[in-house]
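Labels run A, B, C and D following the written order; every chain starts at residue 1.
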Amino acid sequence: MDDPLAGFPVAIEIPVQWGDMDAFRHVNNTVYIRWFESSRVVYTRKVGLWDLLESERVGPILASTRCDYRRPLTYPDTVRVGSRVARIGRTSLTMEHRVVGLASNEIAAEGTAVLVLFDYNKSEPCPIPDPIRRRIGELEGHRDLS
Amino acid sequence: MDDPLAGFPVAIEIPVQWGDMDAFRHVNNTVYIRWFESSRVVYTRKVGLWDLLESERVGPILASTRCDYRRPLTYPDTVRVGSRVARIGRTSLTMEHRVVGLASNEIAAEGTAVLVLFDYNKSEPCPIPDPIRRRIGELEGHRDLS
Amino acid sequence: MDDPLAGFPVAIEIPVQWGDMDAFRHVNNTVYIRWFESSRVVYTRKVGLWDLLESERVGPILASTRCDYRRPLTYPDTVRVGSRVARIGRTSLTMEHRVVGLASNEIAAEGTAVLVLFDYNKSEPCPIPDPIRRRIGELEGHRDLS
Amino acid sequence: MDDPLAGFPVAIEIPVQWGDMDAFRHVNNTVYIRWFESSRVVYTRKVGLWDLLESERVGPILASTRCDYRRPLTYPDTVRVGSRVARIGRTSLTMEHRVVGLASNEIAAEGTAVLVLFDYNKSEPCPIPDPIRRRIGELEGHRDLS
């Protein structure tokens, strides 16, 4: 069977908590956005984007997020949440996220996040440094990300 | 001064809670999605979309959501969260949401949500009934929503 | 009619959000703890406990919290959440919280929180300064808090 | 090394999410209460307390919760959250919860929850059935729970 997270170099696993469900008895839509964030943090730490924050006061800011809900999730289940970089610009990058429920092994939600690298010293966007571009390139198998 | 929520027929007011902030000391991105939902629930209840749920097992499902983050928010503040319908299709509608911080009176975030009306008896999307179209039309000042 | 928050010098008002409800269609138990926190933050800021944090690296830490759930809450409603200091020790204080639903004007939950004033420079608890004791005394109507 | 969860027949494992931290850069106090709930749900389902809900409209209600915070937690980490029954009364039971951070293997928080079994048909507390008492007794190694 194909892995719905094939092509996602970073994936985390999180148990659905009973309290993640809302009054419709499905996982609430905000929980997916939290999962996206959790997966994105693992990715951005892995490529060194968080090291800059403490050393140089340069760090990623979330500019935009989007989520398409494909199938409802219910407790009990566990989700895998994948992240990959789809595109790198001069000062920003676009990530793609995908949520897969273990019970069904089907895609429960997909979405994107646009991150801007921000220089808190100058209060302006900051070009993404070459070492970070290289690490992302390695993770992404040197796909074209322009 | 222009009201940043002019043209939004429904708006709610919610105090920012200290715990809405994350480790970056700004309101966390998931909180905006919760605010969108809270404002959307007021709108959809107002036009009768929730009455169908109990009487006919027909109700709105969130298919997609998007948020563009414009300016960070911090505690203490209060937000106003507006909702309007931008478009009505046969079985779905697109809402627009806008978050305004009272401290600045500026737009903190904007986004959209696509809702699909779903018939739980037939397990399929359901045409939006005329009485609901009419109530939305009245709220939206009979703008063209096609 | 008696005010269920009589004797609580600080009270905040927060709308119940639809998403605060869980799969039992009542406000989830964790939401009350968040409301306690929100009310407590208003109180502790008001008496100067947060000013010390930035100027002297001394601030309150939550040591313990308790909540008794009296009556379930549902959306739509608005809650008032009161805070008062019941007791001040050398380095700690005990607060009492009360949640009242506007729809019923009845107590929905009551609880306590123990705060310890902590000196991050010395990594040890810190005696509560006299000016803060005085401000709490004034707020509490000079009741005996020992 | 002693297991800090020895004596807890049910334990779950949950990754700390970055967004669980608040502006103090520690896991927020409400998150522990959510973890308690998640562990408690596993326990109560295991002994059959949720089966009654659908078949007989009898189910557990949270009457009270308490948490003592021992050591702050930060991202990244994973927690184990244990549950055991300390006491069974006629219509209620007292659970104990314990949170252990994997990074330190030390207790981060401890607490209790009082559950009341409620009959939604009669709108009154309901005696805990013998089969459920037996299953709890087996899980708890036939300790005295009176």
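Points worth noting:
The rule is short, and it goes like this: a residue touches a chain if its C-beta (ideal position, glycine included) is under 8 Å from a C-beta of that chain, and two chains touch if they have at least 3 such contacts.
Note that the structure is predicted; figures quoted are calculated from it, not measured.
Looking at which of A-B and A-C shares more C-beta pairs in contact, the answer is the pair A-B. With respect to chain B, maximal separation of chain centres occurs for D (centres as means of Cα atoms).
Rounded to whole angstrom units, the spacing between the C-alpha centres of chain B and chain C is 31. Separating the CA-averaged centres of chain A and chain B is a span of 24 Å. Centroids built from CA atoms put chain C at 35 Å from chain A. Under the contact definition stated at the top, the residues of chain D that touch 2 or more other chains are 18-19, 28, 30, 34, 37, 75.
Against chain D, in their complex, chain A makes its touches with residues 12-15, 17-19, 34, 37-38, 41, 75. Within the complex formed with chain C, the residues of chain A that make contact are 18-19, 21-23, 25, 28, 30, 75. Per the touch definition, chain D reaches chain C in the complex via residues 28-30, 33-34, 37, 61-69.
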